[in-house]
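Okay, so chain A shows up in both of these, paired with chain B first and chain C after.
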Partner chain A sequence: MNKLDLNNLKNEGVENVPMQERRDFLKMGLAITGIFAGGTILSAVSTFNTANAADFAKKYPYSPHYSMVMHQDRCIDCERCMAACVATNHVPNVPGAYRTTILEKDTPDAVGGKREFIPVLCNQCNLPQCTRVCPTKATYKDQTTGIVLMNIKKCIGCLTCQEGCPYNARYFNEEKKAVDKCNFCWDTRLSKGEKDTACAHACPAGVRIFGDLSKQDDPVFKTVHQIEKAVWVLRPEAGTRPNVFYTKG
Partner chain B sequence: MTIRLITTVTALLALVTGLASAASYPEAPIVFDKPVTGVIFSHKVHMDKGLSCEMCHNRLFEMQAKKAQGNADFVMESLYQGKYCGACHNGSLAFAANTRCATCHIGVKGAKRLSDGGTQEETHEH
Partner chain C sequence: MANHSAPTLNGLVSGVVDRLKSAGIGYYLLLLITLSLVLAAAGLGLLAMIRGHEHYYNVYREIPWGVLISTYVFFVVTSTGLCLVSSIGHVFGVQDFMPIAKRSVFLSIATILSGFFVIAFEIKIPWRMAIYNVISPNLTSNIWWMGTLYGVYLAFMFAEYIFLLMNKHTPAVVCGFSGSVAGIAAHSNLGAVFGLLMGRAYWQGPYMPIYFIASAMMTGCAVIIMFHILGYKLNGEKMGPDMERALEVTTKVGILLICVILFFTTWKLVAGSAGQPNGAYPVVMSEVAGHHAFNFWFFEVLIGMVGPLVLFILSRGRNLNIMLLASISMIIGIFVMRFNLVFLGQSIPVYYDLGVNEYNHLLSYSPSIYEMIIAAGGFGMTAFFFLLGEKVFDGHKVEHH
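Take a look at the complex of A and B:
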């Protein structure tokens, strides 16, 4: 049996460590700093008191770094968010056209509640696939806010972005003759000085909390960076580093 | 004369049947639509748990479907204070009103399913 020379092992980098794995370790208060020997050895350091010091800027590179946390179990499918979005962002009333919608999950075998509603919208990913695949750069990541925006003049309607999006967050708007999507109400509210999105504003149950991940005193930041309650993202395996988080309670 | 007698008998029968059904309950679930859309109440589910009419009527709810939603205080906050459903749904008699939201809140989707003739919501054991 070969003896491992622990002192001279090469750090193979953490780029390929899955997000879930990193998150699991973070919840234990550990940050993975390297993998060795083909992944059989993992080095980790305690994140106690320094949780966000090192890679904070790298993690939340935008300012404000807009984000949303969904308190999923509070959703009652009253759909006021959807109505507010339609009214604010002029979403046409045709099937399949939405910037935000609510999914329904039946769990007949569960003890207690048998149903969950899951509000969804564009996740404004840090590594968006839609902008990567757009052949005309009609959709792009805003350099300041990190919002994934549309330049409808450049959109040729090829719908490649729809294919690329793991979240089904895009639809073709016949009136605009371009793909339309949630932009956190950038043009209709945020750029005009409003502090939240129409959907978050309309929610009567406190499901959608809108905020800025670059501020450590922001409610969204505080929710995402605690360990008492689980926080997750949808489809983490897509590796797009979404900015919409989910939790319960 | 005979026709008149038959009419009277029929009317009496209807009255008796009416009385009998008054002692039972509406079979179709009640779906409130204010202040938010799609909040279900199933008489069947509650009767099957052994509750009697007078436990809610008319102290908490009048015997007129959806009348309560006309009241300004028909909101979750009132339930937390023990009004309406909150009289039992307080965490000791029945699950607390601030838990299991989607059990009663069937939402726009659930309400639509029911109005389209589905019965799925009723089969949920609450």
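Take a look at the complex of A and C:
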């Protein structure tokens, strides 16, 4: 059909478009939204069904490949996640010291709810800036789990990792005399056999879903790999390939 | 003119003692003031290190780098500039620049030591750096390269100065050239510390390493002019025609480099405002017409560049009083320029574009009195070394062959 034919066609309106076509169109729109919102990671994720096993291994090189999905609209800001994190990981009670927090966003002219809460923590990026900039390898990507860890005895306190992190996930812990950050409760829970993080465990609303992206039957894997609902990451433009995803519903 | 016969140790010591004895009360007062500044800064810095930096410094989670980092940047910019501008003469053989070599190399050592002094109190656990920079190096880290290369640079500058004192020209040239290469590599890595942070749009890109080198040379010109004029005033001597000519050509290079940095600054502003790029636009607007406009227009542009540019042109490189005024003005402006560069890049929160209530505004930071005293201690150290160097090394007089 050429351009001329299109111009001469009669406008039939959208009233008679079948429901299935509307759904397909909506799905396509959501998939496109997800791809653009998620940047490089989600563009790769969205083609997963057509990828072969070798591609899959390249995408999720860690086993387990720990990840978290935030069901953002479920968060009611009860802050139990933050309290659990503080108690589990001995986060000092001083201003600016936290491993995870909840941000508030007001949209006054929104229809319906006007406030939403956005939980944030270290995104355990696949291409972390913090590990690249650290002069002494005090922070590094664990080769087994993909978690970004700290070797506190090597930290010189230059705070370049804080500058490099696009997620404000780090702070200097005066008690430890080293930079501190979320490590998905590796030392306090996961390495001791627990299956989830303290924050995910404490959340009463099912906001934080912790899981393993290297397993196809994992809820996190399934959420990230579906195309019906938009899934996105924060600050995709930083190019760090984060492992914390966001969705609604 | 220095004596060409081989000096004895006793002769050298008695010469130094005589020169120190001949100095006036004003000289000793200045020495005392500058030394007191250094000691006060060291005391406060150690206190902060022992009791916890958060009790003394105003930096916080979102602004981890404050005035101590910008002061460190200022000093290493200055040191690199002194090395590069002075190398035009004694390394690359441009005769007009020869007379400024000794004092400039000496001051490049003094300023980099001042930079190290200041940053030692900003880094939380500096002794770990001495160990793990060596046994656990991260070769992808610009800050590792910067620290290592500045260490190499300092060693070369020391060696160069000693060879200059011994009048051993060839090894001095080799060390000077090596020092220049190490200095450029170190300093561009310092630019890359900022420029390669992917989440900081205001800094990110190849601009920073390039800007840092040009800015270093601009600063070098200002510092060379100021300290040479002050050195002659301090020693009560009249400048010879060679030195006058050296300062005249340094002024010309300074004029050129001010124009280069004005050009860079203009395009930085244009690039940060055209198309309103995320992460950079709000910062550039705060610089041009917002909260930071006074710091930018008055200190960075007027005091740091345009004012000195006009004064240097008016001086024709010959009126030493105007040149002294211009260079002091420039150094004050450049200090604020470094502060603006370090602070503004952090002033926009990383979650700014997310539109959350906590981070929908630019952040603020004012140095604490402790941070200011430690920064002043860095200036005290440079001034102390300068004053001492003028007497100990007899006005850094140049041998004629």
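Here is the rule we use: the second predicted complex is superposed on the first by the 196 of 249 C-alpha atoms of A that agree within 3 Å, B and C clash if a C-alpha of one lies under 4 Å from a C-alpha of the other, contacts with A are read in each partner's own complex, and residues count from 1 in each chain.
By definition in this document, a residue touches a chain if its C-beta (ideal position, glycine included) is under 8 Å from a C-beta of that chain, and two chains touch if they have at least 3 such contacts.
The shown structure was predicted, so the numbers you read here are calculated from the model rather than taken from an experiment.
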| item | value |
| --- | --- |
| Three-chain arrangement built on chain A, chain B and chain C clash or fit | fit |
| Partner with the higher number of touched chain A residues, chain C or chain B | C |
| Contacts of A:239 with chain B and chain C, given as first, second, both or neither | second |
| Partner chain(s) touched by A:171 [first = chain B, second = chain C, both, neither] | second |
| First, second, both or neither for A:204, with chain B first and chain C second | first |
| Touched partner set for A:142, first chain B, second chain C, both or neither | neither |
| Touching partner for A:94 - first (chain B), second (chain C), both, neither | second |
| Partner chain in contact with A:129 - chain B first, chain C second, else both or neither | second |
| Contacts of A:104 with chain B and chain C, given as first, second, both or neither | both |
| Touched partner set for A:194, first chain B, second chain C, both or neither | neither |
| Which superposed partner A:159 touches (first chain B, second chain C, both, neither) | second |
| Chain B and chain C, minimum CA distance [Å, superposed model] | 11 |
| Chain B and chain C contact sites that coincide on chain A, given as residue numbers | 104 |
| Touching residues (chain side chain B, partner chain A) in the complex | 35-39, 95, 99-103, 105-110, 124-125 |
| Parts of chain C lying in touch with chain A, wherever the complex brings them together | 52-54, 60-62, 64-65, 123-126, 128-129, 132-133, 136-138, 140-144, 147, 193, 196-200, 278, 346, 349-351, 353-359 |
| Residues of chain A defined as touching chain C within the complex | 94-97, 103-106, 118, 120, 129, 132-138, 153-160, 162-168, 171-172, 174, 177-178, 234-235, 237-240 |
| Chain A to chain B touching residues, read off their complex | 73-80, 102, 104, 108, 112-117, 204-205 |
